[in-house]
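In the two complexes that follow, chain A is the common piece, with chain B as its partner first and chain C second.
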Partner chain A sequence: MRLKRKSKVNAMPKGFVALCVLPALALVLVFLIYPTATAVVMSFTNAASLAAGGVDFIFLDNYIRMFTNDPHFIVALRNTLQILAVVPAVTIFMALVFAFGLTQSKLKEKSVYRVLFFLPSILSLVVVAVVFSALFHPRSTGPINMLIGWFGIDAIPWLGDPTFAIWALTIVMVWQAVGYYMVLLIAAIDGISKEIYEAADIDGASAIAKFFRITAPLLMDQIGITYVLALSGTMSISFILGRVMTNFGPGTATLVLPGHMYNMAFGPAASFGYAMAIMVFTLGMALVFAFVSRKLTVRKERL
Partner chain B sequence: MKKRVWTMLAIGLISLMTLGLLSACGAGGNGDDDATTETVETTDTEDVGTDDTQDETAGDDTVLHIAVFEGGYGRGFWYDLIDRFEAAHPGVTVEMQISPDIETIIAPQIAVGEFPDFMAIPEQHAGFMTAMIQNRELLDLTDFFDSEALGHPGTSIRDMIIPGMLDSTAYAPYGDGRVYLAPFNASPMGPVYNITLFEEMGWSVPTTWDEFFAMDALLDDADTFVDIGGNEERRAIFTYQGIHAGYLESILWPAIAGAGGMEAIHAIENYEEGAWDNPAVREIIEIFARMGTEGYLMDGTVALDHTQSQADMMLGRALFIPNGVWFVNEMADAPREDGFEFAIAPVPTVAAGQPRYVLSSFEQLSIPAEAANTELALEFLRFFYTDETIISFAEHADGSLAIVGSREVAEDYLSPSVLNMLRAYDEGTFMLMSFAPIPAGLPLHMPQEIFDARMTPLMTGQMTVDQYIQEMEDLNAEIREAIEAEGN
Partner chain C sequence: MKQKFDAYRAKAFTIRWSIRILLLIYTLIVLYPLFWNIMSSFKSTEEILHSLTAFPQGFALDNYVRAFVQANMGEYLFNSIFVVTSSLVMLLIFTIPCAYAMARYQFFGSKVVELLFAMCLFIQTVYIYIPLYSLLHRLNMLDNLFALAFVYAAISIPFSAFLLAGYMRGISPSFEEAAKIDGCGNWKTLFKVVVPMSKPGIITVALLNGMGFWNEYILALVTLRSPENRTLPIGVANLFEVQRRATDFGALYAALMIVLVPTLIMYFIGQSYLTKGIAMGGEKG
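What follows is the complex of A and B.
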């Protein structure tokens, strides 16, 4: 009798759960999986626009062109890889340092810093881009040029210099994202038992030792997750900043994959099929990075 | 356990099918919804139409759907045009979709086969227009242009249009003389300068590139310095919109036309072999490189955007900036040097006495071949080419249409700044530049390659003139190959 009732209890929620999940699943299928599949199919065609008729299948031609006959794609790939190598790692490291500092220190104005660091994350990205365009103003009266001027360095046309432009964007990307990940990591650090830190204090561990021996290792899983979030976040931020601050220039010096895709799909180049091929490649690359970084952080946690 | 998985899968599949059906119904319903939203959008014009039309079915037959790119000229002109057209055609209702982002509204509608009857969407603002031209999806307007113009008995519409325009690739894209796009406006672009400053200093506008570069030495004189916020700054001779290098077209194309004639331009428009590796073109590319590498550019130009560089020029930091008549409205609130007054100069030439050209900005009107109501759309287009429209465009948009004598007809309605800029046509020859269509889906767009990707590197010395020309030749070769492959 008891057994029977138990199985009934089990059966009820499962059916109900399935019913509850189905609408969401259906929405994902219709609005995510189906369009993505369509994009993959279009990447094998010469579609000129979303609205174009008379589309031919050209199979792998778009993908072959990307690597053999499109110097802009190679530049965009190199820039994207450079940004992905630097931005998420620096962002998460700085976020971790700030989070550690704000939770461990005895600063009175802790909550003020917390708000200040988080502030850039709630600003519109376009606003951030415009503000930094002004800060990086190329004349010697530009704020950043004035700053380096005090050290006797000549004014640099930051966003107009093919070497510096991408680094200027990198700085903005880190500045913009650090606060957000800091808040996530503060929540994670709050989850670490206070006793561990107290024990370390009794053993006379320095702040640096506590950071590297306690906080970082215990947060490895959260670091892994935030790193993956930062990877995908960086991808979209790089597009917005590039489009507003440099128009992906000078020349193509700050062209990134989403920017190249956008130009091809919606610009007058009217090459939707090719843009979808770039999209599929970018998606695949992002998935591989996310997978690899998760694998690495999970394994480290177990060691 | 296994059973449950199967049950869940079955439920999943069934609900998916239901959802599929629902969405199919939704799509059907959507079409109807669209019509309602459009009606709402233009209620002011709509009401007039429905009042006049007693019979509902008759109203359905005479609805003209138009799609308009909302650029710097605004909406007022279009509302006026629609009101006048409806008043002249009792029973006809015009439903307009107008937006600066018209592509994102129209492209999905076209994708499901709902074509607007009439489009005022310039190619350079919408990738799907490029695609429609590539796929030959626009109505042939050749016979229309040979028909009689409204209010001008015995004159064909072709005769009203500024000479040479209908022969350009911008309107007759396939090189067979057949016209598929109709001219909208025409206004000069080129080096904009402050005519007051030139008059005060007693400078004359340089007519040759030598004079242009020589002018730079005059700017060393402290008397010519500009006072900005208490700082005396040396002016630069030239600046451009930095990260938006495409603005340089209004200097590059007229300069090439001046040095190599319109043949040189046509060779470039049609991707001909040697179009770039041509001594006249090389001379001009060298001038561009020189402008950047020999210090004639305003400091920091390459890092600025259009607003920043234009503001600097208006403050007096640079004598010339490439732009068009929209400059006046775009920067209406920007601070400027005392007495600043806009003017456009024809582009200098290499040798004295060569013809000076003025590049014209142009927008296009078109009718999709598959539109439901092409007859009425042609009527609307005929109505467009009238003196009343010329005046309305000047009155509501401070602009000039691509019709001969527009300026004279609308003189009383145009602002002094715009009239000043239109005078560039008195000193230089009108020209257009528009690339011939390339096979659909070929991911190349020459203006992007010529300006955005390479002009700043050329002007900052990152790229040599030889490299630049070679890369252009290579791109042309690739396009020619693709055109040939498509022909086979």
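What follows is the complex of A and C.
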């Protein structure tokens, strides 16, 4: 009797659970899963714009076109790879140094740094893009050119120059993201036992030795997760900054894959099918990088 | 012995100050663009054209008036407030029950739902905005602020549900059991017991998403067509493009401040919730 009543309290209220889960699940299926699936299907078609009839399957033609008949795609791929090679690595390295400095030093004001460093990641990227467009002013009176002038470097035309424009965007991306990843890594460092650091102190380990011998190896797993987050974050940030700051120029100097996708879908020669093929390629590439980085970091942790 | 101790102290002092100086330099790098924006929003356009780095001569508050009235920032501000509040309400209505079921019940297909939501964490707006655009076109939901809010809510469900379910798992189920023994139904238990106890988790979800919705650019860019429907980020980006020719820089930088100030206020009020939420969400990957 008692058992029966207990099981009644814990019994699964099927109707209640269904009402809780199904609406949310339905929305996810319609607005996330379905668009992704349509994108994959559309990438094998010659859909021009809003699928207004006359769509034919052309199988891999869109993918073949990317590599054989679209120089802009190759440029966008190269720019994206350059950004993905530089931004997550530099951002995570700086975030790691700051996170280590903040957790190991006994500075009284350390929570102030944490709050301030995190600040850029909550700002509107459009606002960030507009402000940095002015800071990167090409004349020697531009704020950033004045700063580098103090170190004896000549003024750089930044956004107007095909070589420097992508580096200007890179700097903004790092500036924007360091604090966010620092907070992630601080949480992970707080999870490392204090005793390990105390033991290292007794052995007379220097701060640099502690960073490379304890913090970095023990954080490998979290660094891997952070890298995966940074990869997908960098994709959308490069699109917004590129569109607002340089309109993906000068020429195609800051054209990135999401930007090329946008031009192909909404430009004069609208081709949704081709844009979707670029999207599927980009997402696939990000997934491969994420998978490889997880494999690498997990193995290093075991060694 | 004492000498050795002094040397150790001197070394600790050097290390502490070198870390501090590094952090202070980076603080300047982080704050200067913000400080520059505040400063420029109070400069007249002539002052800005004369020098980008000089301090303002006075407070050119008419920049703000022109931003609000001539540049329509007032209208866009209203649109943004409408989108953020309605999407947050919808998001919480869908996410709270879903997160609760995920946290407490091993229902049929619960592993599948979790896997599906985990996969969705990879699907960013930047990848799916074109199929979303054509879906909204077919549903006749383009250029509609409420529809945009609905989509914001829908695509934020997986991340929010994970975060909130993680928080709810940390609450002891004994309170709910007590409520049920007292005769509360499932819904009453959820709203009278679980929701009040999950308040910090719900605030974190609302803050993280609210900031994201406020700043969202890509979907608003492709779905909103008519000028009177623009949200703040679209309005500002558009003003910037126009400004390249018309050069009312004072109003432009004032408009940027109108976008920033609400997020800054929310950040300094709720920053502990935000950073905790980031740490929680990040560990989930």
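Just so it is clear, the second predicted complex is superposed on the first by the 269 of 303 C-alpha atoms of A that agree within 3 Å, B and C clash if a C-alpha of one lies under 4 Å from a C-alpha of the other, contacts with A are read in each partner's own complex, and residues count from 1 in each chain.
Please note the rule applied: a contact is a pair of C-beta atoms (placed from the backbone, for glycine too) under 8 Å apart; a residue touches a chain by one contact, two chains touch by 3 or more.
Please read all numbers here as calculations on a predicted model, not as lab measurements.
Once the two complexes are laid over each other on the shared chain, residue contacts for A:25 go to chain B and to chain C alike.
After overlaying the two complexes on the shared chain, residue contacts for A:289 are found with neither chain B nor chain C.
Of the two partner chains placed around the shared chain by superposition, chain B and chain C are both touched by A:265.
By the document's definition of touching, both partners, chain B and chain C, reach A:137.
In the superposition on chain A, A:251 makes contact with chain B only, while chain C stays out of contact range. Of the two partners chain B and chain C, more chain A residues are in touch with C. Judged by the touch definition given at the top, the superposed model places A:120 against chain C, while chain B stays out of reach. Residue contacts after overlaying the shared chain place A:157 against chain B, while chain C stays out of touching range. Residue contacts after overlaying the shared chain place A:281 against neither chain B nor chain C. Once the two complexes are laid over each other on the shared chain, residue contacts for A:225 go to chain C alone; chain B is not touched. Once both structures are placed on chain A, chain A residues 14, 18-19, 23, 25, 30, 50-51, 133, 137, 142, 265-266, 272, 275 are touched by chain B and, in the other complex, by chain C. Across the complex, chain B is touched by residues 11, 14-15, 18-19, 22-23, 25-26, 29-30, 45-56, 58, 62, 65, 69-70, 72, 133, 136-139, 142, 155, 157-162, 165, 245-252, 263-275 of chain A. The touching residues of chain C, when paired with chain A in their complex, are 15-16, 19-20, 22-23, 26-27, 29-34, 36-37, 40, 51-53, 94-95, 97-98, 100-102, 105, 107, 113, 116-117, 120, 122-128, 130-135, 137, 151, 153-155, 157-158, 161, 177, 180-181, 186-187, 211, 214-215, 217-218, 222, 232-233, 236-237, 240, 252, 256, 259-260, 263, 267-268, 271, 274-275, 278-279, 282-283, 285. The touching residues of chain A, when paired with chain C in their complex, are 9, 12-14, 16-21, 23-25, 27-28, 30-36, 38-39, 42, 50-51, 98, 101-102, 105-107, 113-120, 122-135, 137, 141-143, 146, 175, 179-180, 183-184, 186-188, 207, 222, 225-226, 228-229, 232, 235-236, 239-240, 243-244, 258, 261, 265-266, 272, 275-276, 279, 282-283, 286-287, 290.
Only residues 4, 7-8, 11-12, 15-16, 19, 23, 103, 106-111, 123-124, 126-128, 130-132, 134-135, 137, 242-245, 299-305, 308, 439-445, 447-448, 452-454, 456-457, 460, 462-463, 478 of chain B touch chain A when the two sit together in their complex.
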